[in-house]
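Look at the two complexes coming up: chain A is in both, with chain B in one and chain C in the other.
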Partner chain A sequence: MSDSVDSWILKKVSFDIFFSALKSEDYKVLSPQVEDGAVTWFEASEADDLKQGFSDQQNIGSYRLNQTESDVWFSIVHGAQSLKSLTFKPRQATVKIIKTEAGISFQAEQPKAEKIAVIGARACDVAALQIQDRVFLGGAYQDEYFKANRESLLIIAVNCTHAHETCFCASMNTGPKVKAGFDIALTELKDAFIVEAGSMAGKRIVEALNLTVAPKDMSKQADRLIEHCAVSQKKRMPQQNLPQALYEKQHSEHWDDVATRCLSCANCTMVCPTCFCHAIEETPDMARQTSERVRVWDSCFNPEHGYIHGKNMRPTTADRYRMWMTHKLGSWIDQFDSSGCTGCGRCTTWCPAGIDLVEEAIAVLGEDAMEKKA
Partner chain B sequence: MNTFADFHAARIMGKREETPDVWTFRLRFEAQNIADRFAFKGGQFNMVYLFGVGEVPISIMSDPDDKEGLDHTIRIVGRVTRGIEKLNVGETLGIRGPFGKGWPLEEAKGKDIVVITGGLGCAPVVGAIEYIFRRREDYGQIKILHGVKTPRDMLYKARFETWARYPDTQVLLASDQPAKAWHYHVGVVTELFDMVDITPEKTIVMMCGPEIMMQAGAKHLAARGVPPQQMYLSMERNMQCGIGLCGHCQVGPYFACKDGPVMTYDQVAPYLGI
Partner chain C sequence: MTSQKQRPRLAVFKLASCDGCQLSILSLEEDLLLLDQAVDIAYFPEASSRMEDGPYDITLVEGSISAPEHIEQIKNIRAQSGLLVTIGACATAGGIQALRNGADVADYVATVYAHPEYIQTLKDSTPISEHVKVDFELWGCPIDKEQVRHFLSDLLAGVEPRFPEHSLCMECKRQEHLCVLVAKGEPCLGPVTRTGCGAICPAMGRACYGCFGPAEVSFPAGREHANADALASRFSEALHLSNDEVLRRFKGINSHASAFKETAGKWQKMEENKHE
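Then we have the complex of A and B:
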């Protein structure tokens, strides 16, 4: 392999050599599979496990899985879970407190992580992980649990060749082709995958596979499929002058309008691949001799989110929706130098009230929002 | 350092009732190396932990130079604080901290100081006031304006009366409701503003209390020419982690726990009340 080569061919019939390579590096392999009617990260041990056998159909407030006879392996764009649950765990024990003769003592839960390789991460979710890197690792204080999980995660992305009504990664510049933050990227063709390496670890594994260099026409075919996926996306998030434009809309009447539809159920924040709010659950044992603190995902739609010393800063659904959107699309940029949105569309797909984030952003920013450029 | 589990046990050395629902706890770290290492600035806060229940963010009101212990004044209002109220001297709490940005005590040197507080809001700034008086010659004129709902809510009355006797110091108190023993102003704290003379360009303002009061104070003083970046407000938000990771305490683009709680009016003006 010469240095100028950057894509190879991995035939579907020989895909198991990839599994062998991952196993030889002690990775537990996960891929999005359908279990009990839902898409979850499930252990995969051979190529057959990757064939999903279902395709997803996503629309505003709607998600359906349909069985398919197609020979496409990665026929599901994405399920409700992004990569977030693998690195920022929904439940993470942090400290155990023990009553002693003298008073109380604290036992910190040490971060521990297993080596995991995911096959089938989408560009939006890889971008989201990089955004969470900024949140959890970019400041003065770092989240050790996230860090440990992150460092032991190998990301094998699959470029999207198909988009849903709710997808808008192209307008967020995060997809449909994975741009950075991946170890290996695959693009699925009929009988083979185009393989690219995105990191030293990825390159080492790919080189061990001794693959054939991808012929130009196959690489071009892959690019065309991805490009087609990009242009097929109808939704575009307004980009002009955020966050300032949203700060100026803090007193907009539109928040009351969306609040008449929003159930404040927190679904959008739970499926969002970048939402990072968390709270601590404290559970003492029955004898009150020990107590455990567990970090759990929280949501700005939960009534307690804005509560402090007897008052609530965000008592209404209008306050909470404003918080969610202003933060996600606006103040996030001030805080982390990046939008908090990757255009994955999950918040819109999984909203039981069918609230479309892009439509609401356009509505709150005004009719001319789409015409102005940053 | 595990930032989520960086707790230290602290023993309650004293417990003083300030008003029927406000207590001041004097704490001392169990481990001497923590006590030696623990340094803070007036206006910073700790997360105070009660076994089996949880944590609350409470500002530290003792003097940063007081190495014997630290004081937390706590209003009894929720699950955690109701539990803390029941603890006795000799029992232990957990402490994580100190967190956040404190009062501009260095920047204020050589300047006049206006302190505007309301209710329990005076607790976080009391430490700073004591700090300033102990270094009296470093600072210019000091004006302390404090409002309470009723005279019964008046914390640290003796301290205010002591401060009033210091040179170049004006202490003005207001109570919304009158009472026989109340010989100060009756009305809201904002009515005291017109009773003080200020030199806007050499004034540093420190405010703590209900947001609506701070907003009124800042607007009034801005109209009199005090630059917004010289007015400091201690923001109260739902601070849970203390380190800018849990997401609850946002004020516009800021996290009150790490970018505040003390922030300037030019930072927070657009986001007050939100």
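Then we have the complex of A and C:
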């Protein structure tokens, strides 16, 4: 394989060779499938498992799955679950505390992870994982649980050729074509996938498949589909002069306006693929001999989250919405050198109150923040 | 209570209620035996015929104040109790029987009973906290047995029990259930309902009906009110519920809890105005 070659064709009819290759490297394969009416990462063992048979329709505060006869395999863009569920798990046992003769002993839960290959991660989610890498693995202290899950994850992304009402990855420069941080990328055409490798591990697997190099016209067709998906996105996030523009809006009246609609329910942060807040729960047993310490997802929308000894730093929903938006779109840049938002649209789709992050950002920053291109 | 020599004395009382919360305690099974070792179960008629007089260190009260004699009873219970803990929606918020509050109770009594003259009842069904000081409140219809277990373990370990009071949605999402509100258009009360049940209704694909009461977080500076109004508007505008359907969502097991009561009241007014 020469260095100039960068894309190949994998015919849908021969897709199972890909599964065999993954299995020979001991990967458990997961793909987004519809289970009990919800899209979840579910084990796939053959090509047939990838054909979703449903398409999703996402709107502000609304998500619908419709059965489809179409021969598109990856007809669902994404569900509420992102890669976050696999790397930063909603519940993570950390320590078991045991009463002993001598006092108490602490048994740390050792990080353990199985080799997982996900097929069907979208560009926004791969971008989100790179953001979480900086959060959990950057700096002096690394999160061992995240690290173990992350290192055993092989990412087979699927480029988007179709966007939803709530998607705005194009304006965040994270998609719809997966840019970095993937092992293998697929673009679905009618009878075949265009295959690209993005890492050494990905390249090794692809090379073993002995695929034909993709002819120029097919690669071009794939690029056109992705480009079409990008221009079809109506939502664009204002990015002018961030983070300062948001810091200046600290006292905006709009925070009170959004607080009349916001339920402080935390759904937006739970589904956001980059949100990393967590709390520690301690559960003793009735005999008071042991206690389990578990890390669980928490949220800045939880009214208890801003509580420090004797004082709540964010006592109102207006404070909390301001915190969420200012951190996600603004101070994240100071903290981690990038926006905390990848434009996946989940916070907007899954908000039971129908609050649209982009609309609120435009309302806070002013219409003109939109016009000038950042 | 920290004294190991003498086990703390536990009592469980019942006022106007269905016994469901007491059954949740009985369903602790093996942990019930451990509880029996840790405390002296001095008064629990639902579980044992041994009924000892007070004082008690920990008293759990099920049921609302619904009949005239309940007022005296709860004062006596309070006087004999170290810690008084309400268990369930009835004791904590007045329960399903509070649906009569604001209506003509004599009318109900006449409709339901063959001999209304034998019935003595108060006009309103009210929570214990409207009558005596309450130290802890466990919500739910019925209470969650895990929460009871956790509560008693903390208490016996000498730790102040603390339960999250935020919205159910957080737990629902941690368990990664499909959101029935967003994905099915079901009028789920989860966003304004206190967590604690383990999201058992959304886990079964059905909307939460708020049996754990409003998600109201208490701070030293006061209580934060759940934004039930905004959810009600959403039910009407996006899910196209009629005014009557909206108010019925909030007029359920915890209709007397202020956040739900106020919202239901507003929609009731709107419904009445429509008919004028």
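Methods note: the second predicted complex is superposed on the first by the 371 of 374 C-alpha atoms of A that agree within 3 Å, B and C clash if a C-alpha of one lies under 4 Å from a C-alpha of the other, contacts with A are read in each partner's own complex, and residues count from 1 in each chain.
The rule is short, and it goes like this: a residue touches a chain if its C-beta (ideal position, glycine included) is under 8 Å from a C-beta of that chain, and two chains touch if they have at least 3 such contacts.
Everything numeric here is computed off the predicted structure, so don't read it as measured data.
Peer 1: Please work out whether A:36 is in contact with chain B alone, chain C alone, both, or neither, and reply first, second, both or neither.
Peer 2: Only chain C is touched by A:36; chain B is not.
Peer 1: Determine, under the contact definition given at the top, whether A:288 touches first (chain B), second (chain C), both, or neither.
Peer 2: both
Peer 1: For A:144, is the partner it touches chain B (first), chain C (second), both, or none of the two (neither)?
Peer 2: First partner only.
Peer 1: First (chain B), second (chain C), both or neither: which does A:310 touch?
Peer 2: Both partners.
Peer 1: Who does A:297 touch here: chain B (first), chain C (second), both, or neither?
Peer 2: It touches chain C, and chain B stays clear.
Peer 1: So, A:16: does it touch chain B (first), chain C (second), both, or neither?
Peer 2: neither
Peer 1: Considering only the touch criterion stated at the top, classify A:331 as touching first (chain B), second (chain C), both, or neither.
Peer 2: After superposition on chain A, A:331 lies in contact with chain B alone.
Peer 1: For A:25, select first, second, both or neither according to whether it touches chain B, chain C, the two together, or no partner.
Peer 2: In the superposed model, A:25 contacts neither chain B nor chain C.
Peer 1: Common interface residues of chain A with chain B and chain C?
Peer 2: In chain A, positions 284, 288, 298, 304, 307, 310 sit in both the chain B and chain C interfaces.
Peer 1: Residue numbers of chain A touching chain C in their complex, please.
Peer 2: Listed in rising order, the residues of chain A that touch chain C are 36-38, 40, 61-65, 80-81, 85, 90-91, 260-267, 270-271, 283-288, 296-299, 302-304, 307, 310-312, 315-317, 349-354.
Peer 1: Flag every residue of chain B that touches chain A in the complex, lowest number first.
Peer 2: These residues of chain B touch chain A: 2-9, 11, 30, 49, 51-57, 75, 77-78, 91-92, 94, 236-241, 243-248, 250, 252-253, 255, 258, 270-271, 274.
Peer 1: Once bound in the complex, which stretches of chain C touch chain A?
Peer 2: Touch list, chain C to chain A: 28, 31, 34-35, 37-38, 149-150, 152-154, 156-157, 164-167, 169-170, 173-179, 181-185, 188, 190-192, 205, 215, 217, 219-221, 224, 226-227, 230-231, 234, 238.
Peer 1: If we count contacts the way the header does, which residues on chain A are in touch with chain B in the complex?
Peer 2: 94-95, 97, 99, 102-111, 135-136, 139-145, 243, 247, 250, 276-280, 282, 284, 288, 291, 293, 295, 298, 300, 304-310, 313, 319, 322-323, 327, 331, 334-335
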